[in-house]
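In what comes next, chain A is part of two complexes: it sits with chain B in the first one and with chain C in the second one.
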Partner chain A sequence: MTAITTAAPVAAETSRNLTRTLLIGLLLVAAALPFLVGKSGFISNFTFLQLSLMIVYAIAVLGLNLLTGFNGQISLGHGAFFAVGAYTAAILIEHYGVNYWLTLPAAALICFVIGYLFGLPALRLEGHYLALATFGLAIAVPQMLKYKHLEPLTNGVMGINLLKPDAPFGLPLSGDQWMYLVVLVVAVAMFWMARNLLNSRPGRAMVAIRDHTLAAGTMGIDTSRYKATVFGISALYVGVAGALHAIIFEFVSPDSFRFELSIAILVGAVVGGVASLPGAVIGGIFVQFIEKYADAMTKKLTQAIHLPLELQPWTLYGITLIVLIYVMPGGIAGGLAALWARLRRHKGG
Partner chain B sequence: MAPLLEISSLRAYYGATEALHGLSFSIAQGGITTLLGANGAGKTTTLRAISGLVRREGSIVFDGRPIDKMATEDITRLGVAHVPEGRGTFVGLSVEENLKIASYGRRDKSGVRRDLDLVFTYFPRLKERIAQQAGTLSGGEQQMLAISRALMLGPRLMLLDEPSFGLAPLIVQEIFQIMRRINEEAGVSMLLVEQNAALALNLAENAYVLETGTVVMAGPSAELKNDEGIRKSYLGY
Partner chain C sequence: MEQLIQQIASGLASGAIYALVALALVMIFTATDHLNFAQGEMAMFSTYICWQFIQWGFPFWPALGFTILFSFLLGVAIERVILRPLHNASVLSIVVVFIGLLAIFHSLAGGIWSHTIKNFPSPFPNVTFAGSGYIGAHQIGMILVSLLMLFALFAFFRFTPLGLAMRAAAQNPVSARLVGVKVDWMLALGWGLAAAVGAVAGAMVAPVVYLEPNMMASILLYGFAGALVGGISNPAGAVFGGFLVGVLENLVAYFGNLTEKTFGIYIVGNGEKLTVALIIVITILTLKPAGLFGRTTVRRV
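Our next item is the complex of A and B:
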């Protein structure tokens, strides 16, 4: 009995250390990538942009995950906060000549405040009703960005064109390579903060509210204030992602942030794995990958297997989604974890 | 001695529907009181009204302080611990984290440690399961956890909403024995809501019978046990 109880934590410790070493190694390789490739063109600037977008979506999915996965509040409207973050960055850079680094905390602050204020009345809403209210937000924000009297700032339906910043200090990197590094560093910082939050008292209170709101209240937790604050933090994350998106994509317009974006973020969260940090990374990859390749792959598939009927562009996306949800109800992260546990049991006998 | 909890003309609402229609009763210091009644009589609502979990009107005085306008978290801090219907387990947290959640509002660190030890003397089984995810505990263990969590608030009054619900008779007996010990040894007063009237009348000194949101009968448990109406309606003999 004693042998088992002492051996288990040691094994867990070893596995934790291994994971950490792997993670740090992977991040170092990712950070070294632009320097190794340099201007050789071995990995194109376009690919670096794609990688950056994946990371940006991972931050957004993480933001929604904090709200939905860890606090039990659903949102069908987080694209709105993405838009607000993107426009905050674009307007500050275009009209006020603000350094792009500084637009990130600005977008964070503005989105936190808007998210918190939206979260307050949303406290009265649960489940379906909250989903609908947030959906309204996703519909309204792109329209508001087109509003005539805001045009001097937003440039209306035309949107705002930006210029990608160059690499500083004469670093031998292209703009895309440099911004990839920026995005990577911001993402690491934000995941690290999320992990610390979740391992703290407020993080456990968030989960308690998700699991049983009434019981959390009887434990002395101010559930209303917590829920509104988590809404704000969640919006903050998505806002920073939006700001990064504006900078690396060099363009914002109302139609870049239609309600499909909100759905894409939610799908990313669910497919990646709700209430999982690695799941947010997988979700980000999924959002970007599917957006880019579902269309092309559907066409290829249609040709490859000589289908008699013509598949619509999003068919493969739909099929993938249905299969994933059936096969891995806990998302890809949950599915992988279950698989891993099974393999280890097998090995352990 | 002044009562620990005194309730008069208490009304409670779910939306526009009035669920309690001017309830009055009181609880003595140190004792166990039970609320009996059929489904929908307002037992759970009464506990929720005391904890501020539903909209309510009327007067609720706890230990000389009016608490009828207070928020749930403040009432909790005064020493009223609510063990909710259905246990309210935080399934995604470990047993230890479930217990620690309760102590977040407390500043007396040594008191928290003492109460944790106390919890483990009452429920040694939880100590064995300390690192286990709470959602994987059995029903009985989850009820033990719910009571333990309430104990971690350092309460003077515990509101227990059907602690026997869905549990095997043997486990129920064990839990009720421990509740008696907590009452006697730790001096925690209790207000117990139960479907199982025989069980409740054996544990409690005093009882109130609710019917559609009002008190229809009150008295020492021993007397109520012998009342013919009570026997027929609630004890079934």
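Our next item is the complex of A and C:
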């Protein structure tokens, strides 16, 4: 008996160390990738763009996870903050000639303020009502971006075209490869900050509010201030993702930020697992994967089962959502964790 | 002045549609405490069914009858098959399932009938009459059909045993079950009725906004606004709210136009319709969450 009780923490410790080593190794390989490949074309620039987009969506999904998974507030409108971040970056670069990396803190700040302000009235709402308010926001945002008085800045329906920045210091990298590195570094920083936040006192307060708002309030947590702040932080994450998206995609327009985008972020969060940091990465990969391959996949599927009508990617989105809620409410990350726990118990017992 | 009356009249006409959508939302909300985000897409899908029947050569009204029946069954099926197992699930799960349904209906409609905009026939004859300078025949028809639906539903809930059972199931499920009401089926029935009402709303508004998969998104938002203004737990209030929001929407556009003409300053126009709806929704939710006629519920902890 004693042997087992002392062995367990040691095993947990080694397993944590192993995970950390693996993670750092993986990140180093990911960071070295553009240098190893160089201009050989072994991995095309287009693939690097795809990878960057995956990471960008992972940051956005992480933002929603902080709000929904760890603070229990539902948002159907995070595409709106993505749009604000993207437009902030695009406008600063296009009209004010600001260096692209300076637009990231600017987008973060603006989105935090807007998110906080939106969170103030929203904090009186919960559950369905908050979902409704944010649903409205998501639907209205493309119209707001076309507002006549904003046109000198936003360029209306036409949107803004940007140029991808080149690699600095004469590094032997293409623009796509360089931006991939930038996005990777930003993402690592954002995930690291999120992890530290969650492990801190405010982080535990966030989770307490999710689990039982009233009890958390009784324990002396200022629930409304926390909720609004978390809304702001969540918007900040999504805003940075939006800014990065604008820079690597080199284009923003009102119609790239329709309701579909908010749904995509939500789907990513649910698929990955709402209360999980690795889940956000899985979610980001899923969103980009679906966006890229769903068309081809649904076409193949339609032919394979001889459906008389043409399936569309959104049908897959919808079915995935509903099925996941039934079989894996914790998302892929939650499902894997449960599977792992069951295997361990099996081996131990 | 004449223009103002015209705007109010057409506001009432679109308000009739918002009232129907609001009513459908309230029906599901009172029975299950859920806001159905898929309501608009379900109505849009039903409208396509109606269009298909008309394409097959059915006259308008029988086609609408089939559609109502189909939508009713669809609503019942969705409740029984998809939502019943999630009886005790968290709000997030329910909202996600609604978004999933929304995505499925939206894409199915696009896949089956393509995304191109279609004309939808108006069932009302295009005649001129006394007030026709102010309001079109279709708009009058929209208002009449909506009012008819509202009275039929009112009579159903007020005077039939089934309607009474449904109200009982919504208000106090436990006691209703004790006196022998099949509460589960009442919820499914509520979903069916809501889907049927949505189908009528879709078929009435389609001649105005044209038939396409996106046609209900903004109407749903206005329906929500109407339901909230009147009080999401109060059917009559929701209907009133729907009309009010419809008129308000047109007045905002009218006065926006007026300020642009007189002062040369553009503030709001048709391009900001959705923003106006959003502002209404958020204002009501923050200042008076129970709406004008809703009851404030006190929760015991």
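Throughout what follows, the second predicted complex is superposed on the first by the 318 of 349 C-alpha atoms of A that agree within 3 Å, B and C clash if a C-alpha of one lies under 4 Å from a C-alpha of the other, contacts with A are read in each partner's own complex, and residues count from 1 in each chain.
As a convention for this text, contacts are C-beta pairs under 8 Å (C-beta built on N, C-alpha and C of every residue); 3 or more make two chains touch, one makes a residue touch a chain.
Being a predicted model, the structure only gives us computed values, none of them experimental.
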item: First, second, both or neither for A:275, with chain B first and chain C second; value: first
item: First (chain B), second (chain C), both or neither touched by A:198; value: neither
item: Partner chain(s) touched by A:30 [first = chain B, second = chain C, both, neither]; value: neither
item: Chain B versus chain C as contact partner of A:214, first or second or both or neither; value: both
item: Partner chain(s) touched by A:222 [first = chain B, second = chain C, both, neither]; value: first
item: Touching partner for A:153 - first (chain B), second (chain C), both, neither; value: neither
item: First (chain B), second (chain C), both or neither touched by A:325; value: second
item: Partner chain in contact with A:117 - chain B first, chain C second, else both or neither; value: neither
item: Overlap of chain C and chain B interfaces on chain A (superposed complexes); value: 214
item: Contacting residues of chain C [partner chain A, same complex]; value: 33-35, 37, 82, 85-86, 89, 91-93, 95-97, 99-104, 106-108, 110-112, 217-218, 221, 224, 228, 266, 269, 271-275, 277-278, 281-282, 285-286, 289, 301
item: Contacting residues of chain A [partner chain C, same complex]; value: 68, 74, 76, 121, 124-125, 127-129, 131-133, 135-137, 139-140, 143-144, 146-149, 214, 259, 263, 266, 270, 274, 309-315, 317-322, 325-326, 329
item: Of all residues in chain B, those that touch chain A in their complex; value: 51, 53, 71-73, 76-77, 81-84, 87-93, 97-98, 100-102, 104-105, 146, 149-150, 153
item: Touch list for chain A against partner chain B, complex; value: 201, 204-205, 207-208, 210-212, 214-222, 275
